[in-house]
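Each structure below is given as structure tokens.
Okay, so subunit A shows up in both of these, paired with subunit B first and subunit C after.
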Partner chain A sequence: MAATLTESRIHDLQALALRVREHIVRMSTDGGCFTGASLSCADLLVYLYSDVLNISPDNLRSPDRDYCFLSKGHDVPALYATLAERGFFAKERLKNHLKTNDFIYWHPNVNMPGVEFHSGSLGHLLSVAMGVALDCKLRGQTNRIVVILGDGELNEGTIWEGTLVAKALKLGNLTVIVDRNEFQANIRTEDLVPLEPIENKFRAFGWETARVNGHDFTALNAAWNALPATTGDTPTVIIADTVRGKGIPSIERRADRWFCNFSHDEVKMLVQELHGEAIGELTSEALHVR
Partner chain B sequence: MTYEQYLEQLVATDDRVMVVTAENRGAIRNLPSIIGSRFVDVGIAEQTMIGLCAGMALRGRIPVCHALATFLTLRAFEFIRTDVGIGNLPVKIVGAVAGFLSEANGATHQAIEDVSLMRGIPNMGVFCPSDEAEMIAGLPSVLAAPQPFYIRYNAMKPADSLLLEQRSAFQIGGSETFGDNSNDTDVAILTYGFLLREALVAQEALQKQGVKTRVVYFRTVKPIDTAAILRAAHECSLVVTLEDHFKTGGLYSIVAETLLEHRTTADVQPIALDERWFKPALLQDVLEYEGFTGASLTERIHTRLREQTAMLPKNGTVKHQTI
Partner chain C sequence: MSMPIPSTPGLKATRQGFGQGLLELGEKHANVVVLGADVSGSVLSSMFEQKFPNRFFSIGIAEQNATTIAAGLALSGKIPFFASYGAFTAMRNADQLRISVCYNEANVKIAGSHSGVTVGPDGATHQVLEDLALLRALPHMTLVVPCDYEEARRATHAIGEMHGPAYLRFSRDTSAMFTTAETPFRLGKAEIFREGNDVALIACGLLVWEALLAADELEKRHGIKARVINCHTIKPIDIKTITEAAQQCGAIVTAEEHQVHGGLGGAVAEVVVKNYPVPMELVGMKDSFGGSGEPKELLQKFGMTWREIYASALAAIERRDKGFKTLRQVKDIAPYVGE
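The block that comes next holds the complex of A and B.
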């Protein structure tokens, strides 16, 4: 990615992110999905998969490509929508959401091209990514291994175990991105198990840190370009401040809109809302319970 | 050759093999200086170790990872099941001081549900060698197998009666029969791991007392030699399952599942730990206290045979029946 993003490039990324969000909303019916958490990381994924990471449909079998592990697996609609838009598989397949004729369900499946590893149980893929990072490092490669964690996921002890060990193993090719949407399943993180100051915690573990607006492509790009070289010894973390439900004001930052299963009419309305044409009135049952 | 020497040789000849540990270095203490970066110690972090091994396996490596069997199979269970198991990745999981081998550590260290847990994971193999020689003899097949494997580490020296050159070739899913292999045997002792040597002592004693006895030793507990289980049920009046494991989920359960699946029954005597942990002590004292020495086994089997005779209908038989 260029050192600075041109206006037309930003416009393209925003247009792609809007299409990704439309896919997410369209998957939020007939059984539903984790809509809010998917919308919060949509811009992150769009940014990473748009020529930032060296991952493409053509190089998935290449050992020195970059890797991107989605540890907060419940936001898989955002990943699938991004991968489909980027040509990893046909967009038509998104219509198979929750159908037994495909592999598209509430958490990632490796049979979908572009999925590095299954996830869903929180706190797993940091260590799996560390294994990949260690192997790449041992082989003298300079690729980057990215892991996307949820902020609620930082409750898991294995995240901090891995954070200690990644530093010990000098995994300078490992970059964690925290989707800091401020919510766990049912409640604000700071009202349950406070996480702030997050950066200080990672710094205390010896990591390099950055904090950016996770919906601002210019800011993301600046943080990305400022990452130290993968040949170093220090793992890095980018805390990306995001909004759960981003793009749909009627569900943004709402604790009760974690898992959403909208009616078909609501989906139509929410797509209009995405395009700034209306504000939806939601009547479908809100789910609170994890 | 020791286990450590075997790994050293393997690392030198197969660049896929990585030796990993969660600071459990007893068996591999000399390797760091010999194999360098092929040795990875993550510290006391079993879950991270398993995830890391899964990641390395995604890259084509064959990680052989080490920790105490309890912490490995219990604390890291979900990582084994979810990352290694669902991924069906060739991670080889070596659990130290499993079963009675934890000796005087106490119940915190007693891995006596490890076989049960590991065999419950789809595709996971389970290898519980009788001694170091068999462990090394089995490792080439176990490490070359495309699936994950749990290995109950056992570096005991082989009993004189179990010198490798006198044993059959190791085979995943195979078994070895010692003693009476006729179709009219009184007792079959089915076992795995180091208790083989106690089973052989019992077999010899029983034979001397006129009780026709065979020992069926399973080279791997999963996959298991189903035919050998069925043959024991068909040919022997009493089938004994012997294991340093909870009665639930181990060999006794495997035998029960196998017999039921084949609509067969038998008189089965489980010798295992029934709903309790064992008395912590040095190994020989544990065996004596818990009744697992060859002499104790002989007595326990005799007792069961006497009960069996008492329960017999006139001219009856307790040989297997189809249900």
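The block that comes next holds the complex of A and C.
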């Protein structure tokens, strides 16, 4: 990606992100999905898959491509919507959400083009990505291995085990992005297991850190361009501050809008809200699952 | 075949067979890499480490990470072996094995050393006795328990050269060496080590040797000809050889250095009840944890020697011949059971 984004490039990314959010909302019915967490990482995924990472439908078997692992797997609607928009598979296929005859459900499945690894159990993919990063180093490659973690996922002990080991293995080609949307399930992270100051924790483990607004393409681009070369010895983490439910004010930052299963009428209203129109009250049941 | 029993067999540990096999495999295949968890000298992956320092990675005492890192290494064609004690490579990392290795069908090889009570003075925490039961339930997993040094060496080659997740279970203590490079060995194929049609003794690991000793005693004392089967591959289990043993012998004893629940005995029982039900006795750990002590004394204490296999064979035969439904009926009349 260019050192600075032009106005028209930013406009294109925002338009793509809006289409991705529409797909997410349309998947939030007839069984529903984890809408809030999908909306928080939508801009991150749109940015990474728009010519930043060397991953395309044409190079999915190429060992020197970049890799992107979605560890917080329940936000997979954002990934599938992004992959569909980028041509990894037909957009029509998103309509198969939760259908028995396809692989589009609440967690990533490798049978979907662009998905590198089955995930769902939290705390695994940092270490899978570490294995890939180690393999790429052994082969003398300069590609980058990205893994997206949820902030709630930082509760898992394997994340900190991996954070220690990644530094020991000198995985300079490994970049973690934390989708810091401040919620896990139906509670704020800071009210359950406080995580802040997150950067200091990673820094204490010897990592390079950056913190940006995860919805600001200019800021994301600046952080990305400031990453050290993949040939270095130090893994990096970008803490991306995001908003759960971003783009739909009526569900933004709401503890009870983690998993959403809206009526068809509500989906129409929410799409209008995405496009900036004021809407009425949502009547679907808000879920408290704890 | 009939396995000649050396009267004074040489002694070596199956972990030495693994170490040697891994070293040879590394020489043969450049894409074999090894992960260690701070005990490579003890599980003898150190032999590989010394020869190929650039293909050996010390992950530290982080078995869950070592397992998932191995899955990542396997994505683009490496053949990663993760070797530590079975207590930590089969159980502490169970979720990682289930999802990152088995569900993803990652070509990861797990070595579980220090299995069973023969670990000795380490005590119960380090004596894994439940690994087969746990791993046998995982789809895509291959499970191998070699019976001696040479078979451990060859089994290491075999799991490295098959595709898919595999677990190799072996032991710390030395044990009798009685197979050779000429002994038939193929993954998934149980081998008849001694012919006989009166009772089948189906064993794995160090208890194959004990089963051979038991067969000797059965013949000497009672003229009973026991068929001894080395069932080194627990999954996929050899349905044909086990079913034939049930049909031709009519009574079966299984023997393993593992809980009697869910391991070799369970796997054989599943085959037998479906294909040809016959009386069965299971020799192994009886739903208890191990303990500290001398390896040979612990096998005696917990009832996993030729004596228990011998007594169980007599009990199984009696149940078959007298139509007894349960072992209790045998015990009421037969003093040798539990001897």
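Rule of thumb we're sticking to: the second predicted complex is superposed on the first by the 288 of 290 C-alpha atoms of A that agree within 3 Å, B and C clash if a C-alpha of one lies under 4 Å from a C-alpha of the other, contacts with A are read in each partner's own complex, and residues count from 1 in each chain.
Everything that follows uses one rule, which is that contacts are C-beta pairs under 8 Å (C-beta built on N, C-alpha and C of every residue); 3 or more make two chains touch, one makes a residue touch a chain.
Predicted model only: the values in this text are computed from it and were never measured.
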- [ ] Could you say whether A:162 touches subunit B, subunit C, both of them, or neither, answering first, second, both or neither?
- [x] both
TODO: Mind working out whether A:154 is in touch with subunit B, subunit C, both or neither, as first, second, both or neither?
DONE: neither
Open item on the list: Based on the A-chain superposition described above, do subunit B and subunit C contact any of the same residues on subunit A, and if so which?
Closed with: 63, 110, 116-118, 121, 124-125, 127-136, 138, 158, 161-162, 164-165, 168-169
Open item on the list: Please output the residues of subunit A touching subunit C within their complex, sorted ascending.
Closed with: 63, 110, 116-121, 124-125, 127-136, 138-139, 157-158, 161-162, 164-165, 168-169
- [ ] Spell out the residues on subunit C that touch subunit A in their complex, using ranges where they run on.
- [x] 33, 54, 57, 59-60, 62, 64-65, 67-78, 80, 95-96, 98-100, 103-104
Open item on the list: For the complex, give me every residue of subunit A touching subunit B.
Closed with: 63, 110, 116-118, 121, 124-136, 138, 158, 161-162, 164-165, 168-169
TODO: Quick one: which bits of subunit B touch subunit A in the complex? Just the residue numbers, please.
DONE: 37, 40, 42-43, 45, 47-59, 61, 63, 78-79, 82-83, 86-87
